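This is the structure I have questions about; it appears just below.
A, B and C label the chains in the order they appear, each numbered from 1.
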Amino acid sequence: MFHVLYSSVTRNSSFGEVVMIRVLFGLIALILILSAGAMGTVSEETQACLDCHSLYTPGIVEDWLSSRHSNVTVDQALELPRIERRVTNENVSEVLRSVSIGCYECHTLNTDKHQDSFEHFDYKINLIVSPNDCATCHSEEVSQYTGSKKAHALGNLQDNELFSLMVSTHTSVKNVSETEIGQLEASENAKNESCYACHGTEVIVRGLRTVETDLGDIEVLDLDNWPNQGVGRVNPDGSLGACTSCHPRHSFSIEIARKPYTCSQCHLEPDVPAWQVYKESKHGNIFSSIGSKWEWNSVPWVLGKDFKAPSCAVCHNSLVVNSEGDEILPRTHDFGARIWQRIFGLIYSHPQTISGQTSIIRNSDSQPLPTTFDGEIAAEYLISEQEQQSRQDDMKSLCRNCHGRTWADEYFVKFDSTVTEADMMVASATRLIMAAWELNLEDKSNPFDETIEFRWVRQWLFYANSLRYASAMSGPDYAAFKNGWWSLTENLQLMKDFIEQKQALRR
Amino acid sequence: MFHVLYSSVTRNSSFGEVVMIRVLFGLIALILILSAGAMGTVSEETQACLDCHSLYTPGIVEDWLSSRHSNVTVDQALELPRIERRVTNENVSEVLRSVSIGCYECHTLNTDKHQDSFEHFDYKINLIVSPNDCATCHSEEVSQYTGSKKAHALGNLQDNELFSLMVSTHTSVKNVSETEIGQLEASENAKNESCYACHGTEVIVRGLRTVETDLGDIEVLDLDNWPNQGVGRVNPDGSLGACTSCHPRHSFSIEIARKPYTCSQCHLEPDVPAWQVYKESKHGNIFSSIGSKWEWNSVPWVLGKDFKAPSCAVCHNSLVVNSEGDEILPRTHDFGARIWQRIFGLIYSHPQTISGQTSIIRNSDSQPLPTTFDGEIAAEYLISEQEQQSRQDDMKSLCRNCHGRTWADEYFVKFDSTVTEADMMVASATRLIMAAWELNLEDKSNPFDETIEFRWVRQWLFYANSLRYASAMSGPDYAAFKNGWWSLTENLQLMKDFIEQKQALRR
Amino acid sequence: MFHVLYSSVTRNSSFGEVVMIRVLFGLIALILILSAGAMGTVSEETQACLDCHSLYTPGIVEDWLSSRHSNVTVDQALELPRIERRVTNENVSEVLRSVSIGCYECHTLNTDKHQDSFEHFDYKINLIVSPNDCATCHSEEVSQYTGSKKAHALGNLQDNELFSLMVSTHTSVKNVSETEIGQLEASENAKNESCYACHGTEVIVRGLRTVETDLGDIEVLDLDNWPNQGVGRVNPDGSLGACTSCHPRHSFSIEIARKPYTCSQCHLEPDVPAWQVYKESKHGNIFSSIGSKWEWNSVPWVLGKDFKAPSCAVCHNSLVVNSEGDEILPRTHDFGARIWQRIFGLIYSHPQTISGQTSIIRNSDSQPLPTTFDGEIAAEYLISEQEQQSRQDDMKSLCRNCHGRTWADEYFVKFDSTVTEADMMVASATRLIMAAWELNLEDKSNPFDETIEFRWVRQWLFYANSLRYASAMSGPDYAAFKNGWWSLTENLQLMKDFIEQKQALRR
């Protein structure tokens, strides 16, 4: 911190000022150094890692040095009152309790489960620290996460025959002969770079390979589908997810995880415009304007004091308390757990799924979807009306810390009405595409590869999602001209025109 | 501030450092507490509000505690030299002058005019604090605002038969039968979530309803078209606007109002890409890079010292002075008052309107538009050439504080030329759509609902606006590939193609 | 800095706190003032400039006062160890070495070469300070820049007959008669506001003109194609470029130049979505979340300490060292010098050009393009495979400071694969447009003005670029739904449909 403070003070100073400031800082530094206990106690093994890696991967080492892991031991972490704790397992084994959480402590856990375990300068190291390893100390968080849709994000695409058809249709190279378009098989790479970059890849250990280094030849792992930090990554120990998706990489920062920029890596337009809608909302406006002055690292997170307007984390997962320290909402790492309805990704909105594994769903038309094309929900896979109401009530109780009764109540009435209308606009597009199929204007076998089918997907995946998000977080442009009502209406006209033209040309 | 400073210092510190810092901060805190006069004088009534609401709506209370309203009395505010004042009414009544401006002081003003006045624990409270109430202290600001286009933003849509047709066409649910598209009546909700979210709603008091609370059943207001913070909100006391549009909600922050993020809630692409163009301009580049170090709260605002590059507020409404304290431009809350030309929202650019109420305009073709489809302006409703020149000269005088003569002069020559060319590109699209109507390829009765009509609207509402804004604030992408010249040109081709196809199919 | 620190401390303080803080700050200020050496030594001539301009252009003066130029003399700058220096010419003439680098010092250099030199209150002043002038002290930077593609950005458009046809096609006003579209000649203004705003204009001195001022009539320069700050500006002294493109305007800030917001003025979607992809990448996520705490002004730039994740400047041009102070990559102002492949702007990706002047290239079909329509590269104008490998190895050596071997290696394997697939998707579109030309469905003479031609340009200029960038910097949305695989696939369908319709209508 000293470095940062010194820099911020001297940045705009004249040479004369700098001299004086140096003297002042020198004195303070002396006091601090004398009283400082340095960075916890680094284990011998981690020290060995640091000795080399501070030369070879200084970025990793510096990042770790700035982390809580390097500065606080488990014993210290558990001394805090329960509501201030970040460590949820009270029974961490003795050997890990009084040392800094360093390289060795994390990269050698549960080695027997890790196919990515390998010999590295006399240590047996796992390349990937998985959620299962993090659960050593953060057991509740991992337990919540593991059952969530995020953890199953890869399987929810790959094991759903409709979605996997959509993925392979859109990520495959097309070749052209005369004026006909053919389709090659989609490469793993193309999927990894697009859909699976967010959803996660299955990391596969191919074996070892030898590389030349300044220290001579060494063996490193040879991996498929790597690198990847998707939320549903299938790790070489079989666990699901990557904590680094949101807590990147060796700072394990809660600040970064809480900043909406993190969520915005994947939740962005045109298909999931959460970030863009938030940014143009009043909440986002306040965040952008004064958020840099807020306290992003405190646990628990005090509404009104630490932050003045909600960000993604406030509503969807953080432990939030009021000025008196009373809990408003508990922490959850199942990011769907507070939400009653699902407003994106699927054709129609629907109640949240009971299981995070959505590929098991079958609707009454035997499709792997939570609703039929007519909008009938697959109720047995979805949470009950009672549970929906309970979740909405909890969310409303958060809103009411800053908004009056009528404001909060009417907000959700608006939202319900808009979601219903968005679904109606999708239903109209669905009727048009079904007409096109029935009239044999397009081929139904792959519903994702012809012109009018692209328009149909736009209607639910881009435009209806935009309208629903615009309502959920009050970003009116996405309800209007930016992929909202305007696009929903224009797109229907284009679908109708397309059908008329095809019919006319056929005659 | 202590909390923030302490947090920022300790954030990256080791445990040892923190101990030492705590001691230092403790000493300083002691001194501050002994000398601190706390937060002005809270009235008894406001204290009663705070007693409950610090428990039930702590977010509101914490926000207010951070505000100038809680920390400065009117008497203190009026002690400042005139140019530093934020209070413009020098004759505020005695009863409000020596207390903090708290809950009670604002929510009980002009009760007789407020249809949203209701009994709340023995107090008669207005739910909405309206511009008319804020005028108690901020009379000049409200007076300027009330005559502006922003204040009339709802009526300017609703009372203009063309614009209201456009709104209802695009926000209505469409149903499909066979391959025909029908249109339901647009719901109030759909309009409120899209167009009226920015333009404002008419808030209507339905009556009271009873809700259960921890303190027993209480009565709260039942409102239509609520919540809303649009700039042209029609309040239950008949006044127009919502000061919270830009000064959200109980911090009444001048910093937030001045940050371009606030304007960007509504002034954004595709129809009004002011924010996006600013962001990619050199001015926006400098703001994004170093704006966090500027002084956003000072009145007056010192060019070159408080800020290094203009943001929206600098050019369009703030009181700006030079390093000597001389006024460069006075404050205005009529955000169109410094602008000579209107470059968005309408088919062609045109001189600013004289009145903020634009629905009264009739052009020579009896349309409620400031220009005819041929581009002839409705001169009697628009400011004179002399007034236009005078406004441009004033704006240029601001530019010249950082730019040389030739730079500033040529800048406006460029702008005029680009606006003219943008209008020519709209005129070409207008000629194509009129041809389509004359050829009976599309139905003229509603000019907003068929495919080529969507293209025509795109030309003036998205693409010509983008080009004009790109020039006004030097964001070249919006003049080129992002909705600029590229789109204007491609769109004309698509309109022409559409006409040719329809004609060919008819033959 | 005092002003800023004082403001930040008092901003949220109560009146009582402010009194105490004022006393503390007063004492510190006294000490600083006594010890301060003020701002270097301002020359007499510059002082004369400041005397007037602090009144007439205070924004410029304040900006300069905050700059290193006003605070450090060349002699002081050269006292630093070589790796910390910003001045690369060790032989700056004596007359410039011991004074502040002020108005006079820069605006009077090399007057004989400057067609924009003019008499101004008894001084001979150059309006534009050109790269050639900056080279007086920053010789290496200017030398690197002058050979780069950026320096030649205007000629690379204007002197390439295909690109200049594209520019004039898209920036020309179109007129409509009946349903036919005609094209006027593109105005200089339209080009200056769009393409040349980034690429640069040729600034031409028309002569002098007289303007009225408070000090009486004065003569100022009359210029064409001004103002402009494009990277390839042709200056009135014949030099290429504008250092102010990135180091705006009188602060000459290295912080602003290093912030990605600067690059994002031109490198943005749809054609060059570098900024958008970066922002949604993990690197960009970290920058957005905690970048405001980094040290943006230090030279050299210490990886891991000064910054925690790369921004544009880190990878593409800055002098970066590790925690030990060892150089990782040297500074370059040829922004293409570290890149082995060119992934945007041209139909297919290809090895970097040898010369920054790309208009000299001729492929085997005699087109001024680095590849033929079939993808054959014009090898003699492009860097060798060996040079490509060497550059990729250097870049990888940077990555490896934060990433393991396999991560870094596989990253580039992914990138190569994606670029290949993007090129294949362009090749398919190229085959379709060539079919349309052969079938006489569209006219080949201008490949940029008809509907299917717009679609073809979209394929390579918008969608393939997006996919390549998405891979280069890991922003998966641009590989998927945002102008990536989705758009590449849909666009091919639309091209095919267009051909089918045109053929059907002809029959």
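Quick note on the criterion: a residue touches a chain if its C-beta (ideal position, glycine included) is under 8 Å from a C-beta of that chain, and two chains touch if they have at least 3 such contacts.
What you see is a predicted model; the values in this text were computed from it and never measured.
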{"item": "Angle of the C-alpha superposing rotation, chain B to chain C, to the nearest 5 degrees", "value": "120"}
{"item": "Chain B against chain A, contact positions shared by both copies (same if over half, else different)", "value": "different"}
{"item": "Length of the line joining the C-alpha centres of chain A and chain B, rounded to whole Å", "value": "32"}
{"item": "Per-residue multi-chain contacts in chain C, two or more chains", "value": "4, 66, 292, 501, 505"}
{"item": "Of all residues in chain A, those that touch chain C in their complex", "value": "3-4, 7, 9-17, 19-21, 54-63, 66, 127, 169-181, 187, 189-190, 192-195, 197-198, 211, 220-223, 226-227, 229, 248-249, 251, 253, 255-256, 259, 261-262, 264-266, 268-271, 292, 449-451, 454, 461-462, 501, 505"}
{"item": "Chain A partner contacts - residues on chain C that touch it in the complex", "value": "1-2, 4-5, 31-32, 35-39, 66, 71-72, 76, 280-282, 284-286, 288-290, 292-293, 295, 297-298, 303-305, 308, 322-324, 400-407, 410-411, 414, 417-418, 421, 424-425, 427-429, 431-432, 435, 470-471, 474, 476-477, 479-482, 484-486, 489-490, 492-494, 496-497, 499-501, 504-505"}
